[in-house]
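In the two assemblies presented below, chain A is common to both, partnered first by chain B and then by chain C.
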Partner chain A sequence: MSDTSTATRLVKGVVLLALLVVLLALPLYVEEFWLRTGFAVFAAIIGAVGLNLLVGTTGQLSLAHAFFLAVGALTYVYVSGDPGGSAIEYGGFGLPPIVGMVAGVVMAGLAGVLFSPIAARLRGIYLGVASLGLVFIGQHLLNTWTSVSGGFNGRLAPAFDLFGFSFGGNEEPYLAVLGVPFGQAERLWYLGLALCALACWFASNLLRSRPGRALQNVRDSEVAASVMGVNVQEYKAKVFLVSSMYAGLAGVLYALSIGSVAPESFSLLLSVQYLAMIVLGGLGSVGGAAMGAAFVSALPLVLQQYSGSLPFIVEPGQPGIVASQAAAFLYGGAIVLVVMFEPGGLAGLARRLKRQPRPPQESPPVSTTSSAPADSSSGGTPR
Partner chain B sequence: MNQFLSLLLNGLSLGAIYALIALGFVIIFKASEVVTFMQGSLLLLGAYLIARLSEPIGFWAAAAVGIVGTAAAAVLVERLLISRLRGAPVISLAILTIGVDLIILTEITRRIGSDILNVGHPWGGDAVSIGGVGITTNRALAIVVAGILIGAFFIAFKFSSWGIAMRAAAEDGEAAALMGIRLGWVSMVAWLVAGVLAAVAGLFATGSPTPGVTPAIWAVALAALPAAILGGLDSTGGALVGGLIIGVATAMAAGYQDQIAFLGRGFGEVVPYVVMVAVLLVRPSGLFGTRDVTRV
Partner chain C sequence: MSTTQLRKDVRPLTIDNVTVRFGALLALSEVSFSVEPGAVHAVIGPNGAGKSTMFNVLSGVYEVSEGEVRFGDEVLTGRKPHQIARLGVARAFQNIALSGSQTVVQNLMLGRHRLTTAGFVSAGLRLPKARNEEKRHTARVCEIAEFLELGNKLHVPVGVLSYGDQKRVEVARALSTEPRLLLLDEPVAGMNAEETARMAQTVLEIRDALGITVILVEHDMGMVMGIADRVTVLDFGRRIADGTPDEVQADPEVIRAYLGSGDETDPAAAAAHGTAEETP
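Up next, the complex of A and B:
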């Protein structure tokens, strides 16, 4: 047994290493569009991994993710941005961007902690709908509090820099690797990759550790978890904190990726997209969340980019299907198919492909209790 | 005082529309243990069908086709998707309905574009006066029709064989199945009823004073979700009370927006959610919902 598990881990390590090498080398070869898409994907992966800790691992349905992203993004632009605005005046501290990034993560975490007393009292679907309220209340706050958000049209996001190394427009100091000049897109790519790798590493370690087991226990049965000595309320509050901090970081990167923030961006649709990511990827799996995030966040951008060569996609304003609608059809349909046929998502599919065909006399995988959300460890038999 | 009465009456009519949708949520939840997020797109589908057909085939025929079509769509979703997933986790089913909702909403939004479709209600933008308090005919009819439909539902729920079967199924699905109650049939009828209620709600939600069918009316059904939750997801009476509370609170917040201007413009739109969060803080299972007895 230990032989196979060591071998599996070795294979997994090699695959991850190869993936990392490819991702590190990519900016030397691909064009700017893909690098920008990649940065947006990295941002989405961080957010999706965070949401997955909450929904997939702990079983707390949350539709409030867009709100926590908004808190992160807005804190970043307010702390690091300068005051300005022509029609609507808005403020800003103009502090170094790294301070704004940290503040964004902290504030999002704080918002999560403030919401957690409500979350701790509610169970299951009640929590899902209450968190839905947070998105609407948050949007109202952003539209009203124009000195922070810049009102309906939003405000520009300050470019990121780290100790004098700019990730923004001025591209200073000049840097070229193997003859490829490193502009804004290349720099942001590496920033996103580094943060994303850290976020995934932290999450997968968390899942394998004592708190991770406790969280899964809370998902499977709160009563059982409590009997085993897990402080259910405390763990729920903590996972809300961690998840919203992930969302805060994703929000900061989102602001950097778009270059501006507007209240409209953080609508219910964004929450639904994040939910789609983790369902498609497979609830409870870090790698799955990453795959799902890549699919859902890159799809509209790629469809838009190649709309000219795709026969069924038209430019906005013409009769037909525009890229964002085509993307919505595709991932809406994908959600339905995944819930119907592969509750383990892409991660479950990968696991199934990897597994050896079973000898016929072995009993089929036993399905777990019905209260566990789309548990994939049992082999993901469609129900 | 007159303004207060007028707001109260308009709030009640809005609440009647919310109550129809919220009742749909509750019926589906009781019968098939699914929290459906697709009432919004069903409502939009009903209103869209009625608006598109009212010109060629007349309003009444269009209304009939719209209601039947929406109910058929709801039954189709139940038969093709939900019934095959009996016993799946609640969260997976909720997410499934979000997926279906996304598809229907995107398609209808694409078809409507930036237009405002006119439904062509025979009563148009007329207004009636009840005891000196004005209300549009559309909203007055909404109260009457919603009252009749909800009354009929409660009678059916209490006395008809389907109502008894459904209450038994909600109480203990396994025991009900062993007693010969066909759970699939109960669930299908529940979706059918919810589809009819959503289409009727859509019919009135798009009448005066609302200009017509836009994708934005999808949000009306979303605001009914707090109504169902604050009444208690498994309480049909709670849906009615919740709907009325949300409707009156929304109308009041919109009517007195000058007095509550410090809360920001358009506060009326978020009132349902604020009320819901406030109620849930005190009663985590809603006003009339079955309390969760386990404490951890």
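Up next, the complex of A and C:
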């Protein structure tokens, strides 16, 4: 039994390695559009993996993810951005972008800590309703605290750079690999890939270890978890903190991906999209969250790009279905299909392809196992 | 009884005048009894007698309205479940409360929670300290699984195991906490005769090998009378008898509680289903 589990782990490792090699080589071959889409996907994956720890693993519903993304994005643009603005003046510290990125994650974590006394005491859907309020508070703050947010029109996000190596803007120092010049899109791709890989690695380590097991048992039975020695409130608060820090990082990358932040980006719709990602991908699985995030975040961009050659989809401004609406229909339909036919999501589908039996949600009746030997013995009696 | 090597840190458990009220309903009423270190002590009674309530008090899930539970010098009442778990009190649940999608080993590792320290940072970054701890405790958990005859199912998701095996995983998980006091909530409920006999044997082995105290809530009279050193009988939230299995079986109050007083319309049916005691 342990032989097969090491074998599956080996196969999994090889697949992951191959995926990593492909992702590393991709900028040498594909167009800028796909690299920009890829960066947006990496950002979404980080956010989705974080939300999945909270919702999928711990069973705590949160609709506040957009709020924590906003905290991360806004902190980044304020800490690393310069003061400016014409109609609405806004401030900024102009600090190095890496400081802004770390500050974004820390501030989102702090916001999570402030909310954690509530998060620790509510469970499941009740937390979902309570967290809904945060989205509206966030919207209000973004629209009224104009010295930070730039108000209704938002503000530009400063380009990222690390110790003089620029990920945008001036593209310095010049870099070319195998004759392919590495511009902003290529550089951001690698930044996103590195952060995304780190985020997924951390989360899957967590799931396979002591805190992850405690969180999963909190989901399956709070009473059992506490009787086994898990401080349920503490773990609910901590996972909320971790989840909001993931959202903070996703928010920073989101700002870098769009190039600006505007209040309307962080509405309830964004929270719902993140929930769609993890439901579609498969609750509780890091790989599933990544697949779901890729699907939901890339779909509107891809449909937009190819709207000319796709039927039913029109350019924005014309009568008909625009790409973002078509994408919403498509992933809405996909969610219905997933819930009906494969509650394990894309991750469950992948497991099924690998012919790995998916454990049933409820314990099977005793008869299924006890009847098997009975059948074989009755088959032997006629002789 | 047996050549039990009693663990030195196993203390007597004292249930002192415990009352639990849910609104107007009196679930436990001034119940007192004590459990000797190293004993197999059964708590029995018809449905609705307050057995499960008693277990929920012992493990800290319910708060008492009055009274006190002491484990040696430590007062258990007023503590949270996870604090009681840290004192070495473990519980196997009647309605299986395992994580079905996780393997046997992963479920048992949850039992190591109180004995391990890896937090979010050290586990997430796979620091050497956390990895060593994981390896050490996995080895111990595999021994415990072996002890409960689950050795060939270590990496099987619990959800696909048979009901009897899931019950054994419940017991193994409780044992994985290295308890001084083990609470078994109907460990053989729903099991067939063979599985019941195996579980009864296992309970005795646990006590003899580990030298810990076992408290058992059970409906199966044959099993209780066969393995318990002492039996406490509850009815309608009151303690109606306490003694050795023989004493309890001869107690007129107990017979009345189980078979009815003779005033009932159909005492045999009532006894068979234990429905005569359903509280209004």
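Heads up, the rule we're going with is that the second predicted complex is superposed on the first by the 355 of 383 C-alpha atoms of A that agree within 3 Å, B and C clash if a C-alpha of one lies under 4 Å from a C-alpha of the other, contacts with A are read in each partner's own complex, and residues count from 1 in each chain.
In the analysis below, a residue touches a chain if its C-beta (ideal position, glycine included) is under 8 Å from a C-beta of that chain, and two chains touch if they have at least 3 such contacts.
Remember, predicted model here, so these are calculated numbers, not experimental data.
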Touching partner for A:G332 - first (chain B), second (chain C), both, neither: first
Partner touching more residues of chain A, whether chain B or chain C: B
Chain B versus chain C as contact partner of A:V232, first or second or both or neither: both
First, second, both or neither for A:V242, with chain B first and chain C second: second
Which superposed partner A:V279 touches (first chain B, second chain C, both, neither): first
Partner chain in contact with A:V223 - chain B first, chain C second, else both or neither: both
Partner chain(s) touched by A:A203 [first = chain B, second = chain C, both, neither]: second
First (chain B), second (chain C), both or neither touched by A:A214: second
Set of chain A residues, in rising order, touched by both chain B and chain C: 223, 225-226, 232, 370
Interface residues, chain C side, partner chain A - complex: 59-61, 80-82, 84-86, 90-91, 93, 96-102, 106, 109-114, 116, 118-120, 123-126, 130, 133-134, 152-164, 166, 173, 177, 190, 192
Chain B to chain A touching residues, read off their complex: 35, 81, 84-96, 98-103, 106-107, 109-110, 222, 225-226, 229, 233, 263-267, 269-270, 272-274, 276-277, 280-281, 284-286, 292, 294, 296
Of all residues in chain A, those that touch chain C in their complex: 1-2, 4-5, 202-203, 205-206, 209-214, 216-217, 220-221, 223-232, 238, 242, 284, 357, 359-366, 368-370
Residues of chain A defined as touching chain B within the complex: 55, 59, 61, 118, 121-126, 128-130, 132-134, 136-137, 139-141, 143-145, 222-223, 225-226, 232-233, 268, 272, 275-276, 279, 321-322, 325, 328-329, 331-336, 339-340, 343, 370-374, 383
